[in-house]
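What follows is a single structure, written as structure tokens, with notes after it.
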Amino acid sequence: MGLLNFRKSTFKHGVHPPEHKSETNGLPIRQFPFAPLIILPMAQHIGAPSQIVVREGQEVARGQLLAKAGGYVSVPLHAPVSGTIRKIANVPTISGKMSPGIFLETFPFSSQEVLEGTPVDLETATPEQILQGIQDAGIVGLGGAAFPTHVKLKIPEGKSCEALIINGIECEPYLTTDHRVMLEQADDIFMGIRYLLKATGAERAIIGIEANKQDAADHLEARIPEDIPVTVKVVPVKYPQGSEKMLITAVLGREVPSGGLPIEVNVVVVNVATTAEIGRLLPHGRGIQERVITITGPAVKKKGNYLIPIGTPLRYVLEQVGVDEQISEVYMGGPMMGVAVSNLDISIVKGASGIVAFTEEDVKRPQEIYPCIKCGACVDACPISLNPSKLGILAKFEAYDRMAEDFHLMDCFECGSCSYVCPSHIPLVQYFRLAKSIVRKRATAKQTAEHAK
Amino acid sequence: MLNRTLNISTSPHIVKGISTDSIMQNVVWALLPVALFAVYTFGMSALLVLVTSTAACVLTEHFMCKYSKKKSTISDWSAVITGLLLGLTLPPNFPLWMAFSGGVIAIALGKFIFGGLGYNVFNPALVGRAVLQAAFPVAITTWYPAFLPDRFFSVSVSTFTVPFMEPAIDAMTGATPLAAFKFDHVTTSTSDLALGLISGSTGETCALLILLGGLYLIARNMMNWRIPVAVLGSVYVLSGILYLINPQVYPSPLFMLFSGGLMLGAVFMATDMVASPITPLGVVVYGVIIGLLVVVIRIWGGLPEGVMYAILLANAISPHIDNLIRPRVYGTTKSLKRS
Amino acid sequence: MKSESLWYIFINASLINNFVLAYFLGICPFLGVSGKMETATKMGGAVTFVMIISSMCAYGIHSLLIAVNAPFLQLISYIVVIASTVQLVEMFIKKMSPALFRALGIFLPLITTNCAILGLALFQTNKGYGFVESFVYALGAGTGFTFALILMAGLREQLDFAEVPNVVKGTALTLLIAGILSLSFMGFAGLGS
Amino acid sequence: MGNQTKDNKGFLASLKDSPSTDDFIKGLWRENPVFVQVLGMCPTLAVSNTAINAFAMGLATTFVLLMSNMLVSSLRNFIPKQVRIASYILIIASFVTVTDYVIQAISIDLHKSLGAFISLIVVNCVILGRAEAFASKNTVGRSFMDGLGMGLGFTFGLFCLGAVRELLGNGTIFGFPFFPSNFQEWIVMILPAGGFFTLAIWLLVFNALKEKRAKA
Amino acid sequence: MNETNPVNKDATASSLKMLQAMVGIGIFCALMIVLAFEGTMPRIEQNKAEALEKAIFKVIPGMETKKTFKLGPDNSFVPVDGKSKADQLVYAGYDQNGKLVGVAVEASGLGFADVLRVLYGYDPETQKIIGFYVLESKETPGLGDKIEKDPGFQSNFSGLDVSLTEDQSALKNQPVTVKHGAKENPWEIDGITGATISSRAVGNIMGTSTEFWVPLIHKNKETFMVSKTEQ
């Protein structure tokens, strides 16, 4: 394996979890039924929550604005279905915190036509107008982070964007969302690229795809329009290639400096589904109402890729696809980076790229944690070339400052490769998340103390 | 059906199949052919030495845990490896009470005082052997000939020495190839060495079976292949250079590779990940240091064999190797030095 | 009959009969400053430096005492002369290179009455070494001391983050490691013979 | 450095000072230089390979300690602070030289087996430490008791090591066979490594006792 | 060590007082040392002489008196009273009739742990080594120190052959250590099992030393014989 890939460009280290993609990658995207009650939390992206602009009892049409952006780093929210606002109250979110939210009762027999807004004309719009259009459409990163896309696309003063990388890697096991999007929404993707090129001023666009989606790569390559400088780059399969830092290294051989953003190496990375959404929504001035989600995992009966309205409760989703009696764990996102769901009353958010459900049988997670035997598997896995073994031992002894000062703790981007390979089952990345938050807290405490002086 | 309470785990939610106890178990499987061949070569005495040292290690581990009010850790199998390897480095006719003491020392002094599995800074089995060698230098250099006709039915006269008493000197002793070379300049043929048709420590005689065990572990991704390659490679190259300079004085590189405890040491003991560096480059440096020390001690030192000392010294150096050799962290310009 | 080459003197003093691990000299600093790499390195450097100076002083004094036939003053004059020379050197370094002084500074006074230094002076006299031999002997002893100290410091730094049982923690652990190191250094026995 | 308080106490006490048994007892056990203070390790380890060496070294040290303590304390008002360390070293070195010659006169063999370590008593921290911390502030009588206590405590510590090492490493005690003639000696015990191990194990025993007592 | 101590009242002591104190103590110490030295020296000298005597007696059985010689520049031996360390000395031993029974020679070389110093006796008459004694060794107790204690090993040296070639310029065969039990020739030393290195070291030392000294002593046999004995 390693030998065959020798000449192919990729990043250093990483892991190869079993892919489990064949179960859904041949299944075309299907529209999911509308749930009778849609629940929309306002905090479903990074940044300030959206601000509600509707009243209880009000009737809304699909695509109508429900909440406006709560600031620059925020996006508006549109009605995913036509219906009545039942209630405005706190709703649970996946993090366990409550967030203000809207309960929207779906009109049972509505045709669910989507409202048109003001289109953003590709030919005439300025980059600023495109960015505004992207914000107005409520678009956030669909690759998982749910970061408002217009903020990311805003090139800072003094920097320039040379290449736009479209992230079609989808390195998480089980998930096939991006795969299906690439196969079925090629035109939207290219349209999106047009907008993105214009908005960022990039000279070219590269679509990065892992070798296990060769069909998608071929499909896109064959359809590249004459008028835009797009190339498709196929890279070897390896987790976490989808992370932007790794992808940039794999595709361009550049390294994003520690603590920096991709723009420092003149690159912007956007997920394919995000790109497709931009390409589909902006010409119509619409807002985002639904997204493609892979629902899979051994506990799911009707696995597949579904187009699901934002706000559909998870319980409804699982009831529709049918699950195993013994279901014990559900993740929003893939099994490597996704978040485990404790409460089925939360709903689908914009950042959810997949729902994976496991039964107790399938989990079979070893219970016993052994001490670190310094086997080095984690060192060989860490794409950032950290020393998770040492970090783990230091974390165990709560030497958090030492971790940050001597061992680059803050460069860890929590991909979990180290935890995945560790034969002693040490919860390494879990330690690191905690350690990072403590280090950050200490740093702010120190700063405020200094300010107070 | 959806009213079950869900289990909340933190990502990653899946793990690779290998676990520490299974690695340890597999090392034991890989050592078994070596041990069986030892019993075939040296008979009953060797079997008793292996069983005794293993039992001593496991029992010590158990009682040490009990004493410190911890859960017994014998189920991780690492004590079995320690005991087996200790037994394999001892002469087959070693008195059992000494082998037992060695096992106790290996675990108590080599592992427990540092905090148990994963924290030891020296190879426990070799700590046990080093203490035995310093305590009973005569017994540990009294060798038993291989392939005695009645080896399966009788044991060496020293095997059942009364505890704490001096062993009787066996009438039949064999000289090891290294001692024969060092003191009498007699070389043993490489094929005899590789096949194990010689006398020596219980487990060091059959180089081929040792290599086979190593290959199995490497194939199963349970052993770092760089270490044995670096150790054996550096010994080969260094002794090769000396041999080219003067073949009359210096032994041939193949003789160096296949004699003494080098093969067992390089494949099964230098590879103990706990006491070796962790980075790929660090591990190579570590291996080369071992190789260098082995050549220096064997050729210019007073003792005929130095694998054990070389590994222990390299163990002591490995924290420094880890400190000095750090891969460049992604997105930084130079490898981070200690503040 | 002369049988010791300079090379052997060096190897002997540094590895085979390491001052700390085989002669038990300089145990106090070995136990005291081997906790951290940084101090260990500096202490090693300082000891080596003082050893070389003392060894040269001792050579001079010994020759002088032989000349005036007053062997009974050996011990007193060694300790007094070594202590004052180190003091002088200290002042000199302070003037000439404040940076070096800061690195070695706090260690120098601690070392002056350290038994490894005096032991070195006495051993070299007993062995009847000449000037060059004494120098090499001191260099070897200092190097060996530094080597042992650095090895110990690395191990102890690592063991700061280990679940060492409470009864073992502290001096006992350091001594046990020293014992294992001492065993490992036995591998060098007979080197060069 | 805690000296100040001690100093005051010593000064007050010295008015009505009389040698107390506590000055003597504390060195034997509570402040034992080997096991508790862990001072003067080099001679402790180096000559503790046999009981007789340990004993002889202990007595030699006790002698020097006693003499220097007494001399220092009787000169304590005469020696100015600035030169006190220098004078102590001078005094100690002289007594050591004397001891060295006396031992040579008694037995060349004993001198040979103690080697350079007799001379190294000069730098034994215990002696300088007692001169500085006790003798320079107390009466001759109390310093005598202190020196004797510390010296015998040191001898006891050395003996504990030497006896174990000789017993296991050579099968004898003070040169007399202790075990049956075919006892297998643990040669490691008389090697340097054995010195480290034995002292470590004594310290472990003390630690364990302390821990037990703390718990009880 | 105590610079940190707060300066207290006598810190103001004048330099004169400091000087007085130091000189006073200095004189006192010097007196004490010189007294001890003078007092013990005769005894120590005697002890040392006895020790040397004892050693020489061990390697030259039957010796009653001895005389010290040093190797002169022209390869001849001249009698000395044995003080200067730098000289290469040998000791001739005589029986009660003043007859030469052997010459004791000191030799050294590297052993297992450190330098080994030995003394051996050579009988020019029979051209054999007649005794062997270890002056200084750091070999492992119980193992390497068998070279001093093991009677079997010691017995190698009562009659070890060091005879010369016809022209008397070199040894016929240098002494050499062989594996225990493998001694076949009179010039071989039977080694010790478990202490091969130490016993080989003795062999090397003996080989090199005899190669140098035996022809010289043999040539100057007359010097030793005619010499009047000491004491």
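We just call them A, B, C, D and E in the order they show up, numbering each chain from 1.
Just so it is clear, contacts are C-beta pairs under 8 Å (C-beta built on N, C-alpha and C of every residue); 3 or more make two chains touch, one makes a residue touch a chain.
Bear in mind that the values here come from a model prediction, so they are computed numbers and not experimental data.
Annotation of subunit C and subunit D: jointly contacted by B, E, touch as defined at the top.
More C-beta pairs touch across one of B-C and B-D than the other; that pair is B-C. Between the Cα centres of subunit A and subunit E there is a gap of 85 Å. Subunit D and subunit E, compared by their mean Cα positions, are separated by 34 Å.
Centroid to centroid, with C-alpha atoms defining each point, subunit A and subunit C lie 61 Å apart. A straight line joining the Cα centres of subunit B and subunit E is 44 Å long. Counting partner chains per residue, subunit A shows two or more touched chains at residues 371.
In subunit C, the residues touching two or more other chains are 72, 76, 113, 163, 168, 173, 176, 180, 183, 186, 189-190, 192-193.
For subunit D, the set of residues touching two or more other chains reads 86, 90, 93-94, 97, 101, 187-188, 191, 193-194, 197.
All chain pairs that touch, listed by label, are A-B, A-C, B-C, B-D, B-E, C-D, C-E, D-E. The touching residues of subunit D, when paired with subunit B in their complex, are 179-180, 182-184, 186-189, 191, 193-194, 197. Considering their complex, residues 112, 140, 143, 179, 193-194, 196-197, 200 of subunit E touch subunit B. Interface residues of subunit E, counted against subunit C in their complex, comprise 1, 3, 29, 33-34, 36-37, 85, 88, 106-115, 138, 197, 201, 208-209, 212.
Residues 37, 150-151, 154-155, 157-159, 162-165, 168, 173, 176-177, 180-181, 183-193 of subunit C touch subunit B in their complex.
Only residues 160-161, 163 of subunit C touch subunit A when the two sit together in their complex.
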